[in-house]
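In the two assemblies presented below, subunit A is common to both, partnered first by subunit B and then by subunit C.
Presenting the complex of A and B:
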């Protein structure tokens, strides 16, 4: 490519850089600057520079720390469940069986449901008076009386986790399925001829083939679950007694309910840093494994 | 070229003349068109349809004013108001809960309308209304509805258990609940809205009143850790004795309304709007004669009755460029004629309305209860940090109700946390 052509290319990239800078870069920068100030929501009083104080306060704030724990627990349980369930279902629907096309079409439905709709739907399912779950468990004889799911401090978070897994495992299943469809059959046949068992074929051929696709799903889901807000906010608003309050809900409350944009921004920056650290750790482990 | 030059001349002429025509057409339209934005609440009391109908009538009377209405759930109303106020497009008029007036006034968000209130409004409105819209002697809004939580009870259930009269005290009410449970008339006689939300604060405030206690002392210092224990222990006892529906801890007002209207509870606390819905065959399995309503009785030897304000007012925001029009709009919404017309779900703020036989017809009990409640009702803390303090209290009160922390310790920790608010 000549220098003139390279210049032309650079000029063509400019609109994209401007748009990305305006839409993503500027708000991020502004949040970063806000985190070092004591800005309030409406900014009626001039904001003061407070240095690292907001960050120091964050690590002494019990509410923030407990909400981070909720986010991390949510991410750990939900992502693990979705990866295991989604991969298993993807492998199953890859096998030939009658009605496979219908099952594959149905598989996309939970993921296609908007999160808000999913949350409202599960809130109704969990309703202690007329919810379908109580009715089902009661009729099957599993439960002797109707119970509260979202107002019980021990059951609320697992109930929300289940609702999230129900919605998102199909994404992992679909990614698995698409990866499996690019796996050459000849490799499996050759392995069979060489006497490899089902387990060996899975661990030495199938799994290595789908892992790169699963990595994408994993990173996406880690980001989504650590910053979880909508499903929890709609189902419990962080209750009962803050037992389901995630880091993002805490940030929202600090910035908007308590009107403290400065410390709210600092909490948000910490959340972003946490997500980045988790992804870096994961990629590092992966790179080490690959090179070994 | 000639044609091109002619076209250019014509274009320039038309551009030059266009303002003249535009001005002419504007003048022919009459007075300047004003656009107002109103933010209201999408739930109880006046429905969205009610408000839109009122607004349509207002616009008929004021053809030069176009009002755009927006409605959000109560939980989002304050945040939306604050966010919009900080932006370049704030609302002109908003609905304000009584607990937010102090905060809004402290932030300079509300227009002082003391001198713009007509005398007829000042004299004709119930005194309780002007109390919460007035801060430091200045009026920042017009009362739109006065409300309080009433005790709703199922008269048929009480009669089945042998009680002919409504309870006269908290202890009386609990004794009735126990009898109803023992006689298998209802599994959980009580249901309250105790979800982690402001609804919990309202219920708790009512019982706080019933035990003669209050959130703060005269100097505004929180004293709940000593004065509020009895009310919290009372709620915990109800739960531990199996008298309180355990789902109460996730219920809001609409949930308890449904439980009561399904005949699954004998007592509940809710706002005035529930009366019409609990006696409406489309919304309730109860008959009109099943539904009793009264002011919450107080604890024996302490208080006769207790009530807490859940009123709301209409205000003009300080940033509104159309003070006169926005004020005209909120005065119209709160006028006696309009309030009397839409009094089905919400009682008017006008004293004279209560003597109107039409208003009383079919809901004599509610009107009597409201007259009594409006004369005794107290308010939740009115201070700029209330929203944050409330969130802290909600968390600790729920923790105590779950049995995680003893009531006294829960309130001590809550008060300690509130004192640390920046």
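Presenting the complex of A and C:
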């Protein structure tokens, strides 16, 4: 590539770099700097440099630590359920049956429903007085009396998890299905001729074929769930008794409700570091698997 | 033969369960939106409304009946405006950049890697400084600045998928053009772009759905009819003290209509689009 060409290449990248720099790079740097200060939301009083104090405080802040636990627990339970349910559903609708194309088309419905609508829909269903869930369980005779779901400290987080799984299992199912559709039939036939049973065909041919796609779904979902904000915020605002307060909600409250931008930024930076560690761990596992 | 029959019965039972699991919650949302308030506030519930009541849709979609309705329509307009602007900006700047990343892989790919990496960061990592910047220059509650903020979500996604797609376009086609003396602009606009269009459509739609779905930034950065988006309008509707369950449900159904229609019509290409970047060794 000549110098003139290289220069032209740079020109083509510039617009993207400018937008990324101003909208992503610059704010991220600022968050980093803010995390060493005691800046407030309105910033009326001049911000003071406090060194590592915010970070030291963060690791002694029970609220923050328990919010990280909520995020990780949410990610663990939700992603595991979605992967198991989604893969099973993908395998199920890959089978021949009457009305197959209709059911396959329906699969996209939960994924297409906006997150906010999903949260509100389930909030209505969980409503303690007039919600569909209470009414249904009561009319079926499963429950003797109405109960509260989202305002009960033990039931709130599982209820939100259930709502999130409803929306996002469908993505995993669709990805599984589309991977199954590229499975070469000749391989299955050959295995059949060689006398491989259904179980062997599944574990030695089908599963290895869909695993790369499932890994994509897994990464996408882990990234999404560790930073979860909107579904929880709309359903419970982090309550009751902070039992559903995720890391993102905690940072939001610290910075905007309590107007402490400095420590809020430190919490945000710790979350970023945590996500980076998770991703590095994942990549590590992936590369060692590939090379072995 | 008996196990085979049992298998078929189990299969259909599982499928019926699946269809109920997918459909019932959303169907109930639709039924709620068409019920009268009286039907929705009885114990136990009336599952099938006494009569179909479309007043909540009227209240949301007709201007002048009350302030809610017009705010809903403003939200719809702003959501469309913001999402479209964000997608157009993102795609416009990523096409030339992705082309360079694909055709001249080298040092510059570190930029691509950084872009993909930012996709993983939580919005909360940018939200605070962006809020300060926007409020200082007086651009809070503004659709265009919100669209630029949405680029933080959409841009990394676009550059990743578009680069993967340009990789699949054979370079030979461009070589022929180089011999004819075509420059960068011609090679991109006359050769790559036409072949990229179908994939570009998918990427644009997926980005549009992402922007349509966005709640966090919109909730933080908008507060009036100037720029408030549909997700914020609906969540405000639902957090009100009165229990207009049918009105909330109708808002939810209306906000779901565009993405659900797009999803049902274009399922195949959407899923292929989502898979594109990831499954490749």
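To be clear about the criterion, the second predicted complex is superposed on the first by the 285 of 292 C-alpha atoms of A that agree within 3 Å, B and C clash if a C-alpha of one lies under 4 Å from a C-alpha of the other, contacts with A are read in each partner's own complex, and residues count from 1 in each chain.
The rule is short, and it goes like this: a contact is a pair of C-beta atoms (placed from the backbone, for glycine too) under 8 Å apart; a residue touches a chain by one contact, two chains touch by 3 or more.
All values derive from a computational prediction rather than experimental measurement.
Peer 1: With both complexes overlaid on chain A, does A:260 touch subunit B (first), subunit C (second), both or neither?
Peer 2: first
Peer 1: With both complexes superposed on chain A, which partner does A:84 reach: first (subunit B), second (subunit C), both or neither?
Peer 2: neither
Peer 1: In the overlaid three-chain picture, which partner chain does A:23 touch, first (subunit B) or second (subunit C), both, or neither?
Peer 2: Second partner only, subunit C.
Peer 1: Taking the superposition on A as described, I'd like to know which of subunit B and subunit C A:153 touches: first, second, both or neither.
Peer 2: first
Peer 1: Thinking of the overlay built on chain A, is A:129 touched by subunit B (first), by subunit C (second), by both, or by neither?
Peer 2: Both partners, subunit B and subunit C.
Peer 1: Figure out whether A:113 sits in contact with subunit B (first) or subunit C (second), or with both, or with neither.
Peer 2: It touches subunit C, and subunit B stays clear.
Peer 1: For A:56 in the superposed arrangement: first (subunit B), second (subunit C), both or neither?
Peer 2: neither
Peer 1: When the two structures are laid over each other on chain A, which of subunit B and subunit C touches more residues of subunit A?
Peer 2: C
Peer 1: Please write out, lowest number first, the residues of subunit A touched by both subunit B and subunit C across the two complexes.
Peer 2: On subunit A, the overlap between the subunit B and subunit C contacts is residues 43, 129, 256.
Peer 1: Which bits of subunit C are touching subunit A when the two form their complex?
Peer 2: Per the touch definition, subunit C meets subunit A at residues 11-12, 14-15, 18-19, 21-23, 25-26, 28-29, 32, 40-45, 89, 92-94, 96-97, 99-100, 104, 108, 111, 114-115, 118-133, 148-149, 151-152, 155, 159, 183-184, 209, 212-213, 215-216, 220, 231, 234-235, 238, 243, 245, 248-249, 252, 255-256, 259-260, 262-264, 267-268, 270-272, 274-275, 277-279, 281.
Peer 1: For subunit A, which residues are in contact with subunit C within the complex?
Peer 2: 1, 5, 8-9, 12-13, 15-17, 19-20, 23-24, 26-28, 30-31, 34, 43, 89, 92-93, 95, 97, 99, 103-117, 119-125, 127, 129-130, 132, 135, 138-139, 146, 166, 170-171, 174-175, 177-179, 212-213, 215-216, 219-220, 223, 226-227, 229-230, 234, 247-248, 251-252, 255-256, 261, 264-265, 268-269, 271-272, 275-276, 279
Peer 1: Could you pull out which subunit A residues touch subunit B in their complex?
Peer 2: Result: residues 41-44, 128-129, 148, 150-151, 153, 236-242, 253, 256-260 of subunit A touch subunit B.
Peer 1: Any idea which subunit B residues touch subunit A in the complex?
Peer 2: Where subunit B meets subunit A, its residues are 75, 79, 82-83, 85-86, 107-109, 195-197, 246-251, 258-259, 262, 264, 387-388, 391, 394-396, 398-399, 402, 404, 422.
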